[in-house]
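Structure incoming, see below.
Letters are used for the chains, namely A, B and C, taken in the order the chains are written, and counting of residues starts over at 1 for each.
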Amino acid sequence: MTLLKVNNMSKMFGGLKAVSNFTMEIAAGELIGLIGPNGAGKTTAFNLLTGVYEPTTGEIEFDGQNVIGLKPYEINQRGIARTFQNIRLFSELSVIDNVKIAYHSHVKYNLVESILRIGRYHGEEAEIEEKAERFLEIFKLADKKDEISKNLPYGEQRRLEIARALAAQPKLLLLDEPAAGMNPQETHKLMDMIRWIKDEFKLTILLIEHDMSLVMGVCERIYVLDYGTIIAQGTPQEIKNNPRVIEAYLGEEVH
Amino acid sequence: MEAGSIAHQFVQQLINGVSLGSIYALIALGYTMIYGILKLINFAHGDIYMVGAYVGFFATSILKLSFFPALLMAMVVAAVVGMVIERVAYRPLRNSPKIAILITAIGVSLFLEYGGMLLVTPQPRTFPAVFAAELYNFGGIVINSQQIVILAISIALMIILTYVVQKTKAGKAMRAVSFDTDAAKLMGINVDQTISFTFAVGSGLAAAAGVLVGIYYNSIDPLMGIMPGLKAFIAAVLGGIGVIPGAMAGGIILGIIEAMVSGFISSTFRDAAAFGILIIILLFKPSGLMGKNVREKV
Amino acid sequence: MSKLQNTTKRDLLALGGCAVIYAIFQGLIGFGVIGPFWELNLILIGINIILAVSLNLITGFAGQFSIGHAGFMAIGAYLGAVATVKFQLPFIAAILVGAGAAGLLGFLIGLPTLRLSGDYLAIATLGLGEIIRISILNTPYLGGATGLMGIPRYTTFTWTFLAVIVTIFFIKNFVNSSHGRACISVRENEIAAEAMGIDTTKYKVMAFTIGAAFAGVAGALFSHYFYIAHPASFTFMKSFDILTMTVLGGLGSITGSITAAILLTFISAALASYPEWRMVVYSLMLIILMIYRPQGLFGNKELSLKLFGRLTGGKKRDVA
């Protein structure tokens, strides 16, 4: 079943074509990589998919419905959650509050209930707390739940961002360079974790990565972006041997 | 009102507006330069204008200086005051949250206003007539010789400022710091000195405006800076905050609009009109008439 | 589970504590230990607490910089007075009218202006506050430049105390709910909040509306204590005053706002006999405090001494 279908999407900034003729189809349950050299437009593509920018042309269909023109929060509520390349945590808040906030769109108690602390308030707050703690356990952050998130080491901040995105209970998870700044061991562990959460939560994952070796190891299919255009797609093996990809990465090693 | 008298009134208000506007422009320049370089709304700027007016007052009434030496003295003293304020109150907070710096600016503003009251008493003072106000009548349109002086001096100061900012080394440093402080630092520009210089220039211009207003309205008091300060800020936003020609244009436009509202509607709505313009500009073109839009990168 | 039930228990305990505080003060007033001068200041403290805490919701928790709070206070003061003076309604109606009108205006103003951020929003709210004041000044129905006079003195220590308690509990419970967390996330990182499914505009406007409504309550208390509502009481200087209390106490700290409101009102009262020095001392204190403690007295932490710890209840953040 197709979960995400992008057809001919493009984005112009003034006269600059940041993304053009971007076409992509992702089936439910897939783990897809989006790679490309620096400045190829990977993050812009994410921003288009999540409603931060509106595409100049093209269609985006998620779960059978058009999502163009929706605000980022509406797209999140439809089931797309993301992380950011330059980590964007709620940095002055505790680790657990970061995760709790992502639950917000699933909370049903209303303003009056929260002011008077009646009705569904207590039950739901307890449930949120419990679920948030569970996510922190999965990401090995449980013992740090009351720490202020900006005080976490870098790698843990990245994990927290993923935990937060998962707490929104998405169908599609977009990860923007989740392993950036991590050492090889950390990266390896992270990739195992990504694979595991994908199966555990029946997720579909699209991840941007700069590091080719990482994508090759974990992704089932890969799209290659260069100068804003998809220049190749296929299995890791196909991508590795594609001359256009090698050309785009000229100067960078292809492992 | 018949057409002729409306046109007549219009021209008269236009003249009043331009001279009022050039005062706003002089103050707005300091606001915009300081905002450009520090991203700080220097609420104390209007009070520097008051300080300038008082220095001008004492220079003419006690030291018996004539107009130009008094003007110069006011500008120099205000420049020093501006630099001291920056050094003492703003520099220690350069890396603090923005709201803390804003509160400090409010504190400095209150200090100048009420400290001024202690020093020179809250009573308004009558500014000595440095030169006689002659009225020229051109077919029913009255121009005051002081309006001409205000306009001429404002224009002269703006030309000098433009030259300083565009051509001199200090001016180039100023633009560099305002464009990208870190890069400027890496290029060997002394950022602290440049910021000091900006405060000096901005404060000097405000002081000139203070002296000119003192002469024009004859009366000065320690709280005189509050409203013109706010208006000048509106002028800076109108023109595009951080943009020097924008502040000039914004000041003149605001002056004209206020004069028109006073002349054709009612002077009680003058202030409301200014704030109304502020809101409209902020909602529809927050970057101002001459500013550029900047968007946060995701 | 037990933790959450605890919050309700703490709320009740805190309410009990408040009742004791109230009884003590009311007793002191009744026996004449607290004279008219300090009673006036107690009421001013109460009004200032409401103003500072409500602005803290907007600026401290939701992160939206507002220097127009006096405008909403003015709306509450005037429209509350209209209810009692022109329509002979009871005081509670005046408070509700004041809150409702200020809240409604906050909503209408917030909707378009909260697209702005940082300095621009600050300046816009300052402008709007002044527009409100100038509009009142030019409305003969509201007394124009001479002010609206003949307002009955309904505000008592009891009314003020009640209003303070309602305000604190309302805002405390709000910020400790999912709706409140949504507001806080907007302050922390608007882009991330939006990406996490939070309608940031909605929550900014919500915080602004609630804050404005409570400023309206403070206004109604104010005009029904001083017999008069005058435009000069609601200039942007008053907004600065409120902002100062909020920042001084610490943005995001309700107990901080309360402490700062008490402290600053006391300093004002103590310096009342030296009016010419009052503002100078006040301004120097502001500057020095900002230089040495820019995050305010408590930062974004809540005071967790036993009494105040109970007062803030909810999610307790211990001060190290």
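By our rule, contacts are C-beta pairs under 8 Å (C-beta built on N, C-alpha and C of every residue); 3 or more make two chains touch, one makes a residue touch a chain.
Everything quoted here is computed from the prediction, not taken from an experiment.
A summary of chain positions shows that the Cα centroid lying nearest the centre of all protein Cα atoms is that of chain C.
Averaging Cα atoms per chain gives one point for each, and the point farthest from that of subunit B is the centre of A. Here the spacing of subunit A and subunit C, counted between their Cα centres, is 40 Å.
Our note on geometry: subunit B versus subunit C, Cα centroid distance of 33 Å, whole angstroms. As a whole-number value, the distance joining the C-alpha centres of subunit A and subunit B reads 49 Å. Residue positions 52, 84 of subunit A each touch two or more of the other chains.
Residue numbers of subunit B whose C-beta contacts span two or more other chains: 298. Contact of a single residue of subunit C with at least two other chains is seen at positions 191. Touching subunit B in their complex are the following residues of subunit C: 59, 65, 112-113, 115-116, 118-120, 122-124, 126-128, 130-131, 134-135, 137-138, 191, 236, 240, 243-244, 247, 251, 276-280, 282-287, 290-291, 294-295.
Note for the complex: subunit A touches subunit C at residues 50, 52, 71-73, 76-77, 81-82, 84, 88-94, 97, 100-105, 107, 109, 111, 114-117, 121-122, 124-126, 128-129, 164-165, 168. Contact residues of subunit C toward subunit A in the complex are 1, 3-5, 7-8, 11, 169-170, 173-174, 176-182, 184-185, 188-189, 191-200, 300, 317. By the touch rule above, subunit B contacts subunit C in their complex via residues 35, 39, 41, 89, 92-93, 96-104, 106-111, 113-115, 117-118, 230, 233-234, 237, 268-269, 271-272, 275-276, 278-279, 282-283, 286, 296, 298.
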